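One chain, subunit A, appears in both complexes that follow, with subunit B as partner in the first and subunit C in the second.
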Partner chain A sequence: MTTISQANPAAAETEPLPEQQLRPRSYWPFVLPALIVVLAVIVFPWVFTIWMSLNEWKVGSSTAFVGLANYLRLPTDPRFIEAIGHTLLYTVLSVVFPVIFGTLAAVVFHAQFPFRGFLRAVFIMPMMATPVAVALVWTMMFHPQLGVLNYLLSLVGIPPQLWVFHPATVIPSLVLVETWHWTPLVMLIVLGGIAAIPTEPYESAKIDGATHWQMFRYITLPLIAPFLFIAAMIRTIDAVKSFDTIFAITQGGPGSASETINLYLYSVAFVYYDLGYGSAIAVVFFALIVVLAAVLLYLRQRTLWTEIGGGA
Partner chain B sequence: MADNRISRRAVLAGAAATGALGVTGFPARAAEPQWKKYAGTRLEVILAKGPRGDNLQKYIKEFTELTGIEVESEQIPEQQQRQKAVIELASGKPSFDVVHLSYHVQKRQFEKAGWLADLTDYMKDPTLTAPDLVESDFSAAGLTYAKDDKGRMLSLPWSVDYFILYYNKAMFAEKGVAVPRTLDEMVEAADKLTDPKKGTFGFVGRGLRNANMTLWTNFYLDYGGEFLDAKGNILTDGPEAIEATKLYQRLLTKYSPPGVAGFNWMESMASFTQGRSAMWIDGVGWAPPLEDPNASRVVGKVGYTVVPAGPKGQYSATYGDGIGVAAASKNKEAAYLLCQWVVSKKQGSRLLQAGGGVPFRNSVLNDPEVQAGVKLPKEWLQSAIDSAKISKLGLPVVIPVAEFRDIVGAALTATLSGADPATELKKAHEQYRPILERSEKA
Partner chain C sequence: MSVRQLLGKIGLAFAVLVIVSPAILFFLWMASLSVKFEIDNAAYPPVFIPEHFAWKNYTDVLSSNRFVTYFFNSLIVTGSATALAMLVGVPAGYGIARMAAHRSAIVILIARITPGLSYLIPLFLMFQWLGLLGTLVPQIIIHLVITVPIVIWIMIGYFETTPLELEEAATIDGATRWQVFRHVALPVARPGLAVAFILAVIFSWNNFVFGIVLAGRETRTLPVAVYNMISFDQLSWGPLAAAALIVTFPVLLLTVFAQRQIVAGLTAGAVKGG
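== the complex of A and B ==
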């Protein structure tokens, strides 16, 4: 994404020739350090990953070139196919819920009420916690017998749930953690958007007799759309590559019910030591992310297009 | 596995050969090794976090006093330690000289890659080896783990983990249930002890994918299962496996706490120490937390016994740790001295007496003086001694052990949500077989 957005200004710079001619030839050595760093930490690992993905490469054994064999294994690997499904479900849910709750929270915290600043600070506290620590605390809370969540449910007469300990509820339960953890971030972004909306549209809407819902639906929402979009984009990228929360709570279980591509990739490369196949998964995963980023960028362009002044 | 073939005779022959070569005098076998020969050497040790690592670090000053060898050691959580060790060894330049290895996961991998130094000759060299350290002192399981298929000792067996049955005596007495001797009796007992209304359950054990294999294989062995045939094909989807899985499914769905599909040893132990579950089958090393008043509500109420017998036999699924020298180490002799000290009688006694592990050495386990110093209940020690007699390796000795545990383990977990054992096992093995074949070909 960043490469694409930076590409435009760079292309614009190459057009006016005179500026380039002004630069002395000795200018180029100064670019070398950056070039070497980019080659060493971005280009080389990538080329090497692709190379590994074309080999049978197991730690402790000799390596052999196998062409596309590792890639051909992917469509027949049920765990990989399932992992794609888990990743999509997990991503969609952990984008939608934080965005909805974050927007609601932003609307609430935009209103004037006593102790607003203090409560805002309290609200964003989850975001400051370390994901693994958060995960461990939630693991204890999810415990079917000893956890506090089932105790709370029992107070209102709901039977105990299995949370992360059952294949059917594990992903929604993980999304609950993710939502708790990252709703504040969405709130902060959207709050910025709401603060930038001028007050005049609301005043005229009130004169016209609009309800609160109408004002939210026809004024607030369209004006904060670009902010919502940024929040959704940040959340999508975070959720797709989410690892720490899932790994710390379920390690992909029960069974492989919460195994996302990232977790499977980790198992293949660092538990099974099958670096060749792991690299193939990494390459495919990267391709998926690039496609996703392209779609998001395209949508972002569209929201900019329909943007109604103010706001961003 | 044909490992006991190299026995005392071979050792004596080896010792005689050393003597004949005139490296040292033959009678020196009775003398102490030259401990100080490598004084001033610095060794790096990579340890898995746990009581074995603690036991080493706590007394390491004694080793330095004895040999003049300085030791730097670090304890890393088990999973990460395994990964770190493998990645560093594969690089050819490991940062450590001595490595703590999990036999049941790493044996084949380490052997095939040639990462460990051969200790066979060191063990025959009286200038390096104390007279009481002989191969025959290690239990059969230990030697199976430590030796490769050519009979070379590639590590020293350190601590063995037998699966035993923990049971809550108070809960048994309340319901008038006898300690089960067979798996069928265990199911009956579990049935009587389960009372979901009171939140108490007859049984608890590992349901989490991968971890659950260690419990399941104990049932599998008791049903007469073997892991591999003579050609190295995996057999864990045969009729024995299906029966074992049915038992596993029954125990964990009918008589275990809800959510057991996500339980590893830690959650199982929590349920047992809270007095919520009456029986628990797991490694012998968990007794100290069960008897710790700060961590357990069942102190003094825990019974320890061997895993009940199945229709085709009675076994204790066995796992273990060893300590070895990296083949790439420049200080192999000094590193070997450290390994030897780690499995020495003194260190082994301390480990056993603290309940941190059970040494593979018979001279430690069977020494009445050592036994007298064990602080845990006598029943616990007896369960370890009895398990040693029925010990059988709990996992197939293949390279892709982790894949085996993950894939077949996921099938087991699936049966806990009602899937059919035979279908799940078949599906899992279709997935696993090509992986095993690929790894053996490589």
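== the complex of A and C ==
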């Protein structure tokens, strides 16, 4: 390294060509430190998790290779099956609502108005705020007797709710928090999409007497569709993995009514210290996320294809 | 025409008000909870602005020894994890961008979609074997899972857009690859450095799941400390809300002052930690 850095101009002149020097291989020293870190904290844990999932591995007792036994336990574990249901419900709702509200918010933020920059900063605050701190305040707001939400409902004549304290309403209540939290991210992604639309279609539509709704429906929406897919995909990945909000507000309760796969994984691994079984859940969980992401990608390809097909 | 324009403006103002009010009202209510005595927090109908402000909620939180410890824990964990990530991640982003090794970005994608908990199981065991539990080292290392991908991802984006001509000219003048990086590429990518740094800091600061597993009594970070206050202190809302606001206040401040960078970073990579 030192010899290279001390290379004198004369030597450089005799060297072949700059193109030769820009060979890909010579950038490896830049990547190497990060590669070591990534191998240590990302790749190694992955390989080790797969190995652990094939073992009976409990903290404080000896380990034994059991093959696929941990995986075979999963379909017969009612709590795991239930957790899959909770996760899917939670995810679908936590994708649909933020995407709808985020798109509407993006349309509004695309307009020009005073203090737009500052208001955008305010709008994205929920997404940046510390999730646990936010969850704590939501817990207070959900309180059936003292919470401000039931007071607000009473103003419009709706009877008080139990929110996160009742099995039937706990998931929708948590989705409310998740929607509040992550609508801004959808807004930012969609706003980027809207900003990229040229103005000509709107101008000709205006001349033809189109209403705002028609312009949104027939110009904006088709053109931002790819961004909606990206937003939906990111939202899906994050909603499936959601942990902080659920853990801090309900810890999966009441009972196990809001226990998603991620929360069950936490209990198995770090409450019961059954690390082998926990690893198997982690592997299956990861596979589920990959499948969900792949399905969305497939849907996106299909719509692109039909769009092109329809246009031709 | 002007009536229609006026109506349009009023409509827009109303729409803006509707979409920012959930955020504004939430944080105002959080602030309100944090400056009220218990009697006002338990009042029905709720009191928004109390007659007597309970500033004591804040002094109570700040004057407790533990809170200061936890604040410094958070500072050390986030500071170290971000500094290390910048140190290895910025050159890596440069290398990947120049080698056009787009496939290597898949590792970062995988890191992005992996649930944080699945890193915890093997690393928890590792730290136990190495006897590191009880120190801040495990948390610093595991926070790299969040910060390194963010930094690499954002820096790839920035280095890909910086012009190659300057670097080629410097190379012809006899600069080494390292000198080109240090004196040509890095200064041009300075806005990207700010974006990567800010996002890494925020997502590391906010992280909760790593702390609840790895932190002991003395090594809690602020989000974990605040969570532990919930379980023991269910009924004193004032100090709890004050603590929550103190934890998240630096992040909110950063959001307002660095919103341009944050928006650029989030829309470029659409990254999120954990």
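As a convention for this text, the second predicted complex is superposed on the first by the 249 of 312 C-alpha atoms of A that agree within 3 Å, B and C clash if a C-alpha of one lies under 4 Å from a C-alpha of the other, contacts with A are read in each partner's own complex, and residues count from 1 in each chain.
Definition applied: a residue touches a chain if its C-beta (ideal position, glycine included) is under 8 Å from a C-beta of that chain, and two chains touch if they have at least 3 such contacts.
The shown structure was predicted, so the numbers you read here are calculated from the model rather than taken from an experiment.
*Asks:* For A:291, select first, second, both or neither according to whether it touches subunit B, subunit C, the two together, or no partner.
*Replies:* Once the two structures are laid over each other on A, A:291 reaches no partner at all.
*Asks:* May I ask you to name which of subunit B and subunit C touches more residues of subunit A?
*Replies:* On the superposition, C touches more of the residues of subunit A.
*Asks:* Please work out whether A:30 is in contact with subunit B alone, subunit C alone, both, or neither, and reply first, second, both or neither.
*Replies:* A:30 sits against subunit C, while subunit B stays out of touch.
*Asks:* By the touch definition at the top of the document, which applies to A:270: first (subunit B), second (subunit C), both, or neither?
*Replies:* After superposition on chain A, A:270 lies in contact with both partners, subunit B and subunit C.
*Asks:* Name the contact category of A:58: first (subunit B only), second (subunit C only), both, or neither.
*Replies:* first
*Asks:* Return first, second, both or neither, reflecting whether A:72 touches subunit B, subunit C, both chains, or no partner chain.
*Replies:* Once the two structures are laid over each other on A, A:72 reaches no partner at all.
*Asks:* A:146 contacts which: subunit B (first), subunit C (second), both, neither?
*Replies:* both
*Asks:* Does the superposition put A:126 against subunit B (first), subunit C (second), both, or neither?
*Replies:* second
*Asks:* Do subunit B and subunit C land on any of the same subunit A residues, and which?
*Replies:* 145-146, 270
*Asks:* Within the complex, which stretch of subunit C touches subunit A?
*Replies:* Within the complex, subunit C touches subunit A at residues 12-13, 15-16, 19-20, 22-24, 26-27, 29-30, 33, 41-42, 44-46, 84, 87-89, 91-92, 94-96, 98-101, 104, 107, 110-125, 141-142, 144-145, 148-149, 152, 168, 171-174, 176-179, 181, 202, 205-206, 208-209, 212-213, 222-224, 226-227, 230, 237, 240-241, 243-245, 247-248, 251-252, 254-256, 259-260, 262-263, 266-267, 270, 272, 274.
*Asks:* Would you mind writing out the residues of subunit A in touch with subunit B in their complex?
*Replies:* Against subunit B, subunit A makes touches at 56, 58-62, 78-79, 143-146, 160, 162-168, 170, 250-256, 267, 270-273.
*Asks:* For the complex, which residues does subunit A have touching subunit C?
*Replies:* My answer: residues 1, 4-5, 7-9, 11-13, 18, 21-22, 24, 26-31, 33-38, 41-46, 48-49, 52, 101, 104-105, 108-109, 111, 113, 117-126, 128-134, 136-137, 139-141, 145-146, 148, 151, 180, 184-185, 188-189, 191-192, 230, 234, 237-238, 241, 243-244, 247-248, 262, 265-266, 269-270, 275, 278-279, 282-283, 285-286, 289-290, 293.
*Asks:* What part of subunit B is in contact with subunit A in the complex they form?
*Replies:* 83, 86-87, 89-90, 109-110, 112-113, 115, 199, 207-210, 257-263, 267, 270-271, 274, 276, 399-400, 402-403, 406, 410, 413-414, 416-417, 431, 438-439, 442
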